[in-house]
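Take a look at the structure below.
Chain IDs A, B, C and D follow the sequence of writing; residue 1 opens each chain.
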Amino acid sequence: MIVVMKSRCDEKDIQHVLTFLTNHGLTGHPSRGVERTVIGVLGAVGPSGTPGSIGGINPVLGEALESLPSVESVLRVSKPYKLASREFHPEDTLVDVPVPCVSTSRVSIGNGSVVMMAGPCTVESEKQLMTTAQAVRNEGAIILRGGAFKPSTSPYGFRGLGEERLKLLAKARSEFGMAVITEVMTPTDVSMVCEYADILQIGTRNMQNYMLLDEVGRVNKPVLLKRGMSATIEEWLLAAEYILSQGNRNVILCERGIRTFERVTRNTMDISAIPLIKQLSHLPIISDPSQGTGRRDLVTQMSLASIAAGTDALLIEVHPNPDEALKDGAQSLTLEQFQKLMPQVQAVAQAVGRTFITE
Amino acid sequence: MIVVMKSRCDEKDIQHVLTFLTNHGLTGHPSRGVERTVIGVLGAVGPSGTPGSIGGINPVLGEALESLPSVESVLRVSKPYKLASREFHPEDTLVDVPVPCVSTSRVSIGNGSVVMMAGPCTVESEKQLMTTAQAVRNEGAIILRGGAFKPSTSPYGFRGLGEERLKLLAKARSEFGMAVITEVMTPTDVSMVCEYADILQIGTRNMQNYMLLDEVGRVNKPVLLKRGMSATIEEWLLAAEYILSQGNRNVILCERGIRTFERVTRNTMDISAIPLIKQLSHLPIISDPSQGTGRRDLVTQMSLASIAAGTDALLIEVHPNPDEALKDGAQSLTLEQFQKLMPQVQAVAQAVGRTFITE
Amino acid sequence: MIVVMKSRCDEKDIQHVLTFLTNHGLTGHPSRGVERTVIGVLGAVGPSGTPGSIGGINPVLGEALESLPSVESVLRVSKPYKLASREFHPEDTLVDVPVPCVSTSRVSIGNGSVVMMAGPCTVESEKQLMTTAQAVRNEGAIILRGGAFKPSTSPYGFRGLGEERLKLLAKARSEFGMAVITEVMTPTDVSMVCEYADILQIGTRNMQNYMLLDEVGRVNKPVLLKRGMSATIEEWLLAAEYILSQGNRNVILCERGIRTFERVTRNTMDISAIPLIKQLSHLPIISDPSQGTGRRDLVTQMSLASIAAGTDALLIEVHPNPDEALKDGAQSLTLEQFQKLMPQVQAVAQAVGRTFITE
Amino acid sequence: MIVVMKSRCDEKDIQHVLTFLTNHGLTGHPSRGVERTVIGVLGAVGPSGTPGSIGGINPVLGEALESLPSVESVLRVSKPYKLASREFHPEDTLVDVPVPCVSTSRVSIGNGSVVMMAGPCTVESEKQLMTTAQAVRNEGAIILRGGAFKPSTSPYGFRGLGEERLKLLAKARSEFGMAVITEVMTPTDVSMVCEYADILQIGTRNMQNYMLLDEVGRVNKPVLLKRGMSATIEEWLLAAEYILSQGNRNVILCERGIRTFERVTRNTMDISAIPLIKQLSHLPIISDPSQGTGRRDLVTQMSLASIAAGTDALLIEVHPNPDEALKDGAQSLTLEQFQKLMPQVQAVAQAVGRTFITE
C-alpha cells in the first residue's frame, strides 16, 4: 500500500500518517520528493494472516487512510483477491465433473481441452427437455444446461417451477449420461439443488449475493460463477474469493456479457476477459454467447471467437422451437443451428491446438 | 405492441405473424407501407389480467415474436411496470412511518415535505451509535440509519454483526425517538429485521435478488429500494413492481449513484432520476449522496442539488470519527460537517417551497 | 511516479529498471517488501520543464516502463494536467466578458455570482432569433446562445448556415446588449467566428479535436469547452490544458451530460462534476441542462440542482415554438417555461448565498 | 415512423397530430386501442428523396413530434443510415487497394479473404520504420500502418511530425511494395495525406468530426473509419454515411474497443460488432486489437478471436523495441511476437474457411 500525500502537506501531516500506521501495526517509509511525499507501507495483514507484505489487503485501513485530510490517495499495490489469484496458486485449477457419457466418465474443466454445455434456457416440459438433451448429446455436448429456477427482470415474466424441473434434469442425466448444470437462486435452496445438479450456477444478478456465495462455498459441488452484468474483473474475482474462502475450491468463471451504452445487442460480450482471467487467475473460464449477445444470429461467431480466445467451455442455449420458448427464445439456437455450430467450433479448437471432448 | 416486419418480407410472412397472434388470443392490424409493413397488436394481456390493450406486457410473447425470421423488431408501447407507474396510480403514494420524536409522532414520506435520515454506515459499537444518533437528532434528523448486516465487495471486508447490532438500533430509537432504517440481505432474515426496524432497506447489490424482493413484499413495513448500481430506471421500477405485486405498497426508491466510466468518483449520482421518478411513478424518491459519490467532500453539494431537484428525503452517512470507521469512512461526514449541512439543506428546501420536518 | 514490480521479479530485474530510469535522467528509490518491491521515481520532467518532482508527467516514459516484462504497473502520483489544476493556480480564474446590457458593462464568470446564458439551439431565422433574444433578455438572461454551425449525428440532419447566421447573432447583440456565445467547428473558421462572437464554444464531439483546441488556444476570446460525451474529468481537463498551453487562459468548462447505459434520458447529467471541477481546477464551470438531459421536462429541476451544486452559469435552450424547431426541439423550453424558470433559479441562488446577475 | 400517444390523450390531441403530419406532407393512420392510440406515419421523405415509406428518416420531424405535449414517444421504424445499410446495398462492398507486393498487385478488402495491416503506432525514424516494415512484410503483412500525425490525450504527449514522416512511409512503400495506411486529423491536411497514403485513417476521436468526414468523402482514396470510443453502432454507421453521401464509397470500418466501466483493459473490444456490421452493412469491417485492448499480452488472442468472428483484416501495432516507443509501447508487439502471431491467425482463418492473402 502506498500513501500519496497532498502537495501542500507539511512534516506534521506526515508524522500524523506515520503514527496512524504505527497504531495499526504497520510501518511507513516516506519518500520526500520536491513536489510531494509518498509513504510506502510495510506490514499490512492479508487474508491468510501473513504479515509483512508491502501491499496486502485491508480495505478498512485503506479507506481510513484515504479520509485523512492530508492524504491525496492510497494506491493498493497488491490485488485484493488472494485465493483466486494466479500469484497465490500458479498452476491451473482443474474442476472435475462426473460425466458418464464420455469414455473416461469424468472431465476436467480447465485442463486445456474444450467442452460443450448446451440445453434450453428454461426447463419447460419433459418432452422439450428430453428432445433437446438427445439432440445436443448427439452432436457432442456432454453437459446439459437447463433452468429450473429462473430470475426474470419483470415479476410477470416466467420464473421457473423448481424441484419438479430439477427431477426432469436428473432424468435427462440418467438417460443420456450428461452432467447437469442448473442455477440456484437463494441460500435455502442450495442443498436441494445439490441433490440433482453436478454444477451449481450462480446467475449474473446474484454475483454479489454474498450469503448465497457463502452457502455454495460450503458445499463440495463445482460452482459456475457468472460475471455480474456490470462487474469489473476485480469484483468478479472477489466474488469467487467469497466461495473459495469458504472452502469450495471448484469454481468456474463464466463471461456472459457486460452492460454498455450499445443498444443493438443486449450485452457487450467481453471476449478479452477470457485471456485476462487466464493471466490473473488459475480458475477455468467459460463463455456464454447466448446471454452474452442476446441474439441468436450472433451466437455462432461469438462461440468461434471464444474458442479462439481460449475459453474452457461454451454454454449455449438451444431450444427445439425457439419461437415458442417461455424465456429468452430470441437468443436460443434451433437444433439445426446447433448441429451446424458443432463442427465449426471443433475446427477452430483444432486450429488453436485444443481438443474438443465429445465422447 | 407493434411488430415491425423486415423490409423484404412477403404476404405469407405477414399472414404467419397474424396467425401466430391469433393463436395467442391477440389481433394484429397490419399497415402496409411502401418500404415495410408494421402490425399493431390488440388484446395483449397485462399483469392484472385486463385484456384489450394495445400494448400491455407479455415479455414472453414479445420475445417469441422477435425471434420469428420475418420480424425485424417488436416495439413495446406500454411500460412493463404497472403497479409502480403513475398511469396506474396517479396520486402520490405517501409512506407512513412512526417517528416518536416529531410532534405528529408520524411522518408521511412523499407528501412534499423533506426529511433527513442520517447515521453511521455501520453500527460499530453502542457508543459510536449513540453519539451519532444524539448528534444527528440534535440537528434535526428524524430517521436513524445504521447497518447491522453489511455487504462488502471483498470477503475480508467488514460484514456486520447482525442481531446484536439491531438491538442497539432499537435502543437508539427508544432513547431518541427516531425511526430506524436498516438493511436486510437475505429472505430468512426479513422477519427478524422487521422486529427492530421501521424501514427495511434493500441494498444496491440486491435490487434484483428476487426472492428477497418477494419476501419484503409480503410484510407490512415500508421498504427502501436502492437503485442497482447499473440498473436502468425501468429495471428499478420493475424491482419495485416485485414488492408491490406481493401486496406491500409502501415502497420508497433511493437514488445512490450509477456505474459509469468516470473514476474520480465511486459512482455517478444521477440527480435527474429524482424528477424522472416523480413523472413515471407515484412512489417517493430519496437521495443518498454518501454512496452516490463515495466522497465526503461532495456530500454537501450533492445534498443541496438533490433537494433542489425534488428529493423527498436525504440519507446521509455520519460518523463521530470517520478516520476510524470500519467501513466507508471516506464518504462519512463528521458531526461538525453534518451540523453545517443542516441549515444549508433547509435553506434550499425553503427556496423551492418545501418544508423540512425536523420536530 | 511509482513503479510496482511483479511479485516474482529478482534483483536483476530491479537493476534493469533502475538502469532504464538512469538512462532517462531519473532516479529510482526501491523499497523492497516481503511480497514485492516498489520503486519511487524522482526527477521526472513535467510540462514546464521543471525537473525534480516525484510524479510529473511523461506519458511516454510511463508507458515504456509499464511494458517492461518485470513491471506490474506504473502508478502516476501527479495529475497529468498542470495549467488547468488548482495546485498550479490556486485562485479562481475569472473570465471577463463584455456585456453592454449590464450596469458594469462586463461580467466576470467564475467570481461567485451566477449568470444565465439562453437562446435557441440553432439560429433559424431573424425573427426566431430576435423574438427569443428579446424574451430571454426581458427575464434576465445576459448572454445569448445560438448555433450558426451545428454538428448533427446524421448527415441528413440540420447542419447550420454559417456566416449569415453569425451576422444575425451580432445584430441581436447590438440590439439587446447581450454577449454572444456560438460554436466553432473547425480550425479554419476560428478567425471568422471570432469576429462575431464574445465566447467561442467547443462542442462535445470536438472536445478532443486537438487542432481545433490549438487554434482557439491562440486567440484571445473566452472559450467554452463542453465535456466530451464519454470524457472522464481528467480527459476534459487535459483538453482544457491544450487551450491553456497555447496561451489562452480564458477557458470555461461546461458539463452537458455523459453517456451511460440509461436510456430514458439522452445523457446522464453529472452534477457532481460541478463541485469536483471547483476542487481540481481554478476554471469556471457552467451547466447545460438542455443537452444534459435531452428532455424539456427535466430542464427546470436540473437547472435548480446545478445552482445548488455551485455552477457559475446556466446554458439553456429556448425556442418560441419548440414543436417547429429545426433541431433539438424536444429539449428547448418555451418562452413561458423560461419565464417561470428565472425566479426559481434566482431563489435557489440566493439560498446558497449567491447573486444572480441580470442587469 | 410510429407516433405513440399518451394514454390520456383525447380525440382533439389525435387530430392535432394528424394535422401536424398533413402540414408536413405526411399521412397518419391512427389505430385506437383501449389503452392508447398509435399513429402510423406514411410518406416520410428519406435522404435520397424517395417519398412514400413508412419510416424513412427525418430527425427534425421526429423530434418535433416527440415534443408535442400529447405524444408519449416516436418510434423510428427505419434505420437512420441508408447508403451504409445492407438493405440499400445488399452485396458486399469490396474496397480495392493497390498492393505491389502481392501477385495480383491489388487486393479487394471485403471479398472474404483476410489481410494483415501492421507497423508502428508512430513513425519515429527512418530506421525504426524500415526495420519494422521489412519484418512485418517478411511475415506476410501487405499493408503498412504508421502514424505521421498522432492525436494524444495530453498536449505534452507525442503528437507526430507530419509531412516528413509521410515521406518515410512512401519510401517504405516503394521499397517493400506494401500499401500505406495513415491517419489524417484535419480537413486542410486531406489533400497532402492523399499524396502519400493508399488508405486514409480517421481516428476514434474524429469519428464525429463532420467537416473532416465531409472532406475525405470528396476524395477517391479508401477511408478507414475507426469507431468512436463511445459510439453506438448506429452512430458509427451514420458517420460512414457522411463519407458515403459525399460520393466516396470506399469506406472500411474498424472496431477498436469501446469505453466501459472495466479498468484492467484500456478499452473493451466489442468483437460482436464484427458479425453485426456484416449483417447491418455492406462495408468491410476490420479489427484493431492493439488499441482495442491497450495491452500487448492480449493482442494475440484478440486477433484470433477477430478472425474467428469474421474480420476482413487485422491492424496490429508492431515495434522493434516497444520499451522505447514514443507512443503506445505497452500495446505494441515485438517483431518476435508478430512472427509468432502470423501462423496462428492463418490457422484460424483456414479453420473458418478463409484465405489469408500474404503474397
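FYI, contacts are C-beta pairs under 8 Å (C-beta built on N, C-alpha and C of every residue); 3 or more make two chains touch, one makes a residue touch a chain.
Given the structure is predicted, the values throughout are model-derived calculations rather than measurements.
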Distance-maximising chain from subunit B - centres being C-alpha averages = D
Pair joined by the larger number of C-beta contacts - A-C, A-D = A-D
Could you grab the centroid distance between subunit A and subunit D? Build each centroid from C-alpha atoms only and quote it in angstrom.
-> 32
For subunit A and subunit B, what's the span in angstrom between their mean Cα positions?
-> 27
Subunit A and subunit C have mean C-alpha positions lying a whole-number Å distance apart equal to 39
Check: subunit D positions touching at least 2 other chains come out as 230, 259-261, 263
Subunit A partner, complex, touching residues on subunit C are 2, 4, 7-8, 29, 31, 33-38, 40, 42, 52-56, 75, 77-78, 87, 230, 259-261, 263
In the complex of these two chains, what residues of subunit B are touching subunit C?
-> 230, 232-234, 258, 260-265, 268-272, 274-276, 279-280, 292-293, 297-298, 301-302, 304-310, 344, 347-348, 350-352
Considering the complex alone, what residue numbers of subunit D touch subunit C?
-> 20, 47, 57-60, 63-64, 66-68, 80-81, 151-159, 185-188, 205-206, 208-212, 229-230, 235, 238, 241-242, 245, 259, 296, 322-330, 332
